[in-house]
Amino acid sequence: MTSTGEAVQFWVLAVVAVLGALATVLMRKAVHSALSLAGTMIVLAVFYLANGAYFLGIVQIVVYTGAVMMLFLFVVMLVGVTAADSLKETIRGQRLLAGLCVLGFGVLLGAGIANASLHRFDGLGQANAGGNVQGLAALIFTKYVFAFEITGALLITAAVGAMVLTHRERTERAATQRELAEARVRGGKQLPPLPAPGVYARHNAVDVPALLPDGTPAELSVNQTLRARGQVRDVSAEALADLAALEQRSEDRLERKGKKR
Amino acid sequence: MENLIGLLVLVPLLGAGVLLCGGRRLDRAGHWIGTLVAALSFVIGAVLFAGLLGRAADDRELDVTVFSWVPVGGFHADAGFQLDQLSVTFVLLITGVGSLIHLYSVGYMAHDERRRRFFGYLNLFLAAMLLLVLADNYLLLYVGWEGVGLASYLLIGFWQHKPSAATAAKKAFLVNRVGDVGLSIAVMLMFTTFGTFAFGPVLDHADRAGEGRLTAIGLMLLLAACGKSAQVPLQSWLGDAMEGPTPVSALIHAATMVTAGVYLITRSAAIFDAAPVAQAAVVAVGAVTLLFGAIVGCAKDDIKKALAGSTMSQIGYMVLAAGLGPLGYVFAIMHLVTHGFFKAGLFLGAGSVMHGMNDEVDMRRYGGLRKYMPVTFVTFGLGYLAIIGFPGLSGFFSKDKIIEAAFAKGGTEGWILGGAALLGAAITAYYMTRVMVLTFFGEERWRPAPSPDEPSAEPAAAAHEGAMPHPHESPKVMTIPMIVLAAGSVLAGGLFSIDDAFVRWLSPVTGHEEGNSPVGALTVTAATMVVMVLGVALAWFQYGRRPVPVTPPRGSLLTRAARRDLLQDDINHIVLVRGGDHLVRGLARVDHGLVDGAVNGTAAAVGGASARLRRLQNGFARSYAVSMFGGTAVLIAATLLMRAV
Amino acid sequence: MNPVNYLYLAALLFTIGAAGVLIRRNAIVVFMCVELMLNACNLAFVTFARMHGNLDGQIIAFFTMVVAAAEVVIGLAIILTIFRSRHSASVDDASLLKL
Amino acid sequence: MSFPLLTATAAVPALGAVATAAVPAARRAAARWLALGFSLATLVLAAVQLARFDTASKTPFQFTESHAWIADFGVRYELGVDGIAVVLIGLTALLVPFVVLAGWHDADPLETSSRRWRPTQGFFALILLVEAMVVIAFEATDVFVFYIFFEAMLVPMYFLIGGFGDRAGPHTEAEAAGRRSHAAVKFLLYNLVGGLIMLAAVIGLYAVTAHQLGEGTFSLTRIVEARAAGRLDIATTTERALFLGFFFAFAVKAPLWPLHTWLPGAMTETTAPVAVLITAVVDKVGTFAMLRFCLQLFPDASRWATPVVLGLALVSILYGALLAVAQKDIKRLIAYASISHFGFIVLGIFAMTTQGQSGATLYMVNHGISTAALMLVAGFLIARRGSRLIEDYGGVQKVAPVLAGTFLVGGLATLSLPGLAPFVSEFLVLVGTFSRHPVLGAVATVGIVLAALYVLVLYQRTMTGPVAEPVRGMPDLRARELVVVTPLVVLLLVLGIYPKPVTDVLDPAVQHTMSQVHKGDPAPDVRVSDARVKDARVNDVEAAK
């Protein structure tokens, strides 16, 4: 049996771990899921430590939470952070079947554990006597040396595989600048540089479209992404109002009251 | 002498082979080769006849086994020949009349581009017919039997470009096949009964078999005879067979092949004598056909079809006689021979008339031809007198004997049969006079009719007006055979009857007995004469004294039925053709829908099930994952359960 | 406290992860759920090691981590490749055995 | 060890297949000549077999070869021929050269197809392959060896049916290809199902022998011997089950009603020479196997099944003939006619009389020749006009008399005209059946009327009447086609007039089979002593010769 402290730690952290796991499954955005998962993993690392697996606990934090989850986050960013998943089911009956299967599976698993005769509880005191890392090392380099070597090969292969998979072979000659220019002309695209954003002497932010001579905003002057997100700050009305105020002021100053429209 | 028998069959067979395979090189000489072959076989036949004559009366049977044909287990069929008085009579008739008709055809078919082939077929017919009458067992006879059927098929359909000819040929073959079923079953019955089907053993031991068996064999043989000899109920093909060239009608469908049934019955005399039921059936068939053919003959306007009806009727006489047993066998054969002469002569005459009349066959468009075709008129007239049984001519002798024999059968049966035969004689006289009068006497109806009483002139008639026939006598090559046959029809009967020569000649084979006729021979003769005169007179008054309309009048119910072969074809059509059609179509549907449908249905079921199962394989990884988890859950459950148990 | 509770926790986490694999369409999240399942296993291994008083369970958990790392590398590469051709990271969109 | 004649007879066409297949694409003509040469060489070997076959020998099988093959399962490479097999091998070897000649241009590549495409080579190689397998199936006396080749011949047949067809029919090229592959798949599935059921029975047989003899065997001779010696006693139910397993496969192959529906499709959609190969050669393996395996391995069960089999055969005869009447397609009509004829063959086999079985075996030969003649001429006709439909013809007799004449001879042979070969066999079958089952025999005789009906209707509609417009100017048979047809026609005549050489070879084998089934011929009611005298006389005449 374990100490009371561990019991308290278990019950507190177990709740956190389960919540994290649930959040991983239920969050609509992949980033949130990733963060929740990271939380659960850290909790698991604590459990490893509590179970005497000191090396694994550290590795869990460094490798899993550090490296693997970072990898996940990178991919999430490459794929698009904003794309929130719709949680609406598209395959008919999938959710019901999944629920049934998972429920049955869980219940059976629990029943299995409950049925199992888990009476022995030796503790790792003896095994960890010479230090946990040393104990592990002794096993890895003796009993499990072949498995270890093979996992090495696996890792190398995985690294190469990842490179091969993501590598894109250039199948055609790169277009020269001249060809690009010609294509541009042929395609009827905007030939000169796009108009710069901002309104002279008033705004210089990228989200403010330039104004055309008639005072309407020039859409092209704003970044496509911003336009797509609708984060464009339209200052045309403001500018026109300013202009009107200016005129008013100058007329006031020149005392042309009677000509006021 | 034995070798000659084989040669008799072989010569025309070789002739046919040479003519049919010889190609166009033989086109110019083919018809003479064919005629020569026929003449040669006649010579051989004559030599054999002479040889037989030279032997004692009870030793006139020659047996030759050429080779073992089908030896299987206890089944031995030999290619063997048997020559006796009966077969040699046929041989002479076949080769004699055959040679004459070959000669006639040289002229008749002169303008046909396929004449060589025609002669090839004729030679093939001779070979098959000779095989039929010379075979020493029923199986070999069967070969000849079907061989003549084939030749008949080929010759009826010789003008194949005419769909009617092709159809008639097919019909003839098919109806004959129905008869052939009878013959083959008869042979099988003989085999199971006697273990053999050679004439000798079967006929010698016929009395030892059970009567039921013999009756069955007899009835089956009768079926075969009905098919080949156009007896009721298998008579329907003969009228249509007139689509063939006229020499064919003369040779095959008048003189020889159609009499094969009579030969078969006479040859199997021992079987029929021991099976009274079968014999009664034979007589009944003969009597019915005799009247049937005669009635049909009265109504036909097509000269050849009228003669075909007559043929049917005359063979009816022969079958009737053959069915009378030893009373009549000899007379059946005698009538067969004389009929061979006069009917062949009549057909050749008809052919000669058609030859001169642009192949017109409708007697209503003839008339007054005696001036234009004197030879044809005289020969035809002699044949006519012979067939109606004019005293002194051959038909008189043979038919009279049959009528006598019919009365001699005794009892009610005798009276009925005799009456039928007499009635038949009257009708024969009537329709033959009708043919004679319509063709050679009266006004010349073939001249273009300026008469306005025919406003609805059919297109065919209009076409005929364009090419008005110019009746003319046929060339010598055609008239000579007619003259010879006419001579035969005048003299044969008389010659046969001198000192009962024919009876003495044939009785060792068929047996013969004089019956006790309830009426005297003279009475019968007198009665025959009376009915004959009545028939002639009636026809004369009906057709000779009054003008004959070119378009046939509507006629009485009987006439209309008779024109349609007494509705036989209609019945066949409704029962067999239409019924068969429905059956066949229905079966085709069953085959496609049910039998094949079951197979295709199984395939479709498997396919459908797979298509449904395939939907599980939707490609969604998550669906697969669900089934994986489900499977795992089941496995865990199973493991736990195993533990629990 | 009975250390068996660790096992129950592991089972629960595993089941939650499984549910995530089955329900979520985003391939990245599915992968995360797989990781969660692997981690749940690791927890069980570590607990077993403690129960049995030897380090073999930890060794297995260690190997699992290595394999999981390799798997993540390859898996994410595949996700990227699919995303490039289909412009989607949904596993449902990759329902054909071709790009 | 003596020269392995039987292996050689099968090996020559197999080698020929390899050689033909190896001919390069550009030398198409060489493939044909090669195929013809090899098929003729096979014919020579088959002729040697026939010539050296000893009809007086008492041993059931001659030229036997026996080598261990799969020792663990008691499978031996055992070959041997009896009179029936040797005659059927002769038939196969005889027909294949004609098939090759008739199909001379059937597999020419289309002008549009790729230059590396080699259909001609494939076509002839497959034909030779089929021949090799058929020959070895006839020779095998080991059930397992037989089974292997019985099934293996499906593969080349499948490709022949599915890959080659008439250039034009009532359908477009694409439709025709679809129908062809449908027919081929149907052929394959049907026969595979039959074959698999047979496989189960083959394994069952092995199990029975292994259980009772100590060591399992597939050898026909050993099983028959063991049964005769009483060492092998198969339980009644087992024997019947095994019989049914074998019979089902053979009935599919034969084909017997109601398992026939693959045949019309296969024969119609493929080329005429291949259709001949199917019906005249491959299907004969089925009826042959009934005689050799069903009757000899399971005599008691055969007798037990006789009523049903005879019934099915009778239905086949009438049904096939009636359906032939209803057909609008020339090749389909011939196919249904074949079904009717196979009914006769099965009827003869199971009539259990010497006449019936001799007739049936002779029928196999004669049907092969007559169908080949009719089908090949029909193929020539179809190739000229480009249509299989009867209604598209008319008056061919006028423009192509030789073609029409040979077609008529083929047709007359099909309707068993006396004087032509099939008559002898058909009559023997009928007599054999009649002497044991009079009613059956009599009803079967009706089949000859129906045969006349469909043949003559076909002839009338295609060959006679006014010349149909598309037929005008149709060329008559060419030299190559005459070379194909003439020998067949001559054979039909010769075997019709003098079948004794063939029956002499067949007779001992049939007697042997009959003795296996423990059946004698029914005795005639009236003992006719004269008949014996006459027989003796005939024998004397022969002896004198």
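Order as written gives the chain letters A, B, C and D; numbering starts at 1 within each chain.
Just so we're on the same page, a contact is a pair of C-beta atoms (placed from the backbone, for glycine too) under 8 Å apart; a residue touches a chain by one contact, two chains touch by 3 or more.
Chain labels with UniProt names: A = NADH-quinone oxidoreductase subunit J; B = NADH-quinone oxidoreductase subunit L; C = NADH-quinone oxidoreductase subunit K; D = NADH-quinone oxidoreductase subunit M.
What you are looking at is a predicted structure, and each value in this text was computed from that prediction instead of being measured.
**Student:** Between A-B and B-D, which chain pair is linked by the larger number of C-beta contacts?
**Tutor:** If we tally the C-beta pairs in contact for A-B and B-D, the bigger total goes to B-D.
**Student:** Between subunit A and subunit B, what's the gap in Å when you average each chain's C-alpha atoms?
**Tutor:** Here the centre of subunit B sits 103 Å away from the centre of subunit A.
**Student:** Please report how many Å separate the Cα centroid of subunit B from that of subunit D, as a whole number.
**Tutor:** 37
**Student:** Averaging only over C-alpha atoms, locate the centres of subunit A and subunit D and give their separation in whole Å.
**Tutor:** The mean C-alpha positions of subunit A and subunit D differ by 75 Å.
**Student:** Centroid of subunit C to centroid of subunit D, CA atoms only: how many Å?
**Tutor:** 66
**Student:** Check each residue of subunit B and list the ones that touch at least two other chains.
**Tutor:** Residues 618, 620, 622, 626, 629 of subunit B touch two or more partner chains.
**Student:** Of all residues in subunit D, which are in touch with two or more distinct other chains?
**Tutor:** Residue numbers touching two or more other chains: none in subunit D.
**Student:** So which bits of subunit C are touching at least two other chains?
**Tutor:** Subunit C, residues with two or more chain partners: 18, 22-23, 25, 92.
**Student:** Name the touching chain pairs, please: which are they?
**Tutor:** Final set of chain pairs in contact is A-B, A-C, B-C, B-D.
**Student:** In the complex formed with subunit B, which residues of subunit C make contact?
**Tutor:** The contact residues of subunit C facing subunit B are 18, 21-23, 25, 91-92, 94-97.
**Student:** Quick check on the complex: what are the subunit A residues that touch subunit B?
**Tutor:** 91, 94, 97-98, 100-102, 104-105, 108-109, 111-112, 115
**Student:** For the complex, which residues does subunit C have touching subunit A?
**Tutor:** Contacts found on subunit C: 1-9, 11-20, 22-26, 28-29, 31-33, 35-36, 39, 42-43, 46-47, 49-56, 58-59, 61-63, 65-74, 76-81, 83-84, 89, 92.
**Student:** Can you check the complex and tell me which residues of subunit B touch subunit C?
**Tutor:** Of all residues in subunit B, those touching subunit C are 618-622, 625-626, 629.
**Student:** What residues of subunit A sit close enough to touch subunit C in their complex?
**Tutor:** So the residues of subunit A touching subunit C come out as 1-2, 4, 6-7, 10, 14, 17-18, 21-22, 24-25, 30, 33-34, 37, 40-41, 44, 47-48, 51-53, 55-56, 59-60, 63-64, 67-68, 71-72, 75-76, 78-80, 83, 85-87, 89-91, 94-95, 98-99, 101-102, 105-106, 109-110, 113, 118, 120-128, 132, 135-136, 139-140, 143-144, 147-148, 151, 154-155, 157-159, 161-163, 165-166, 168.
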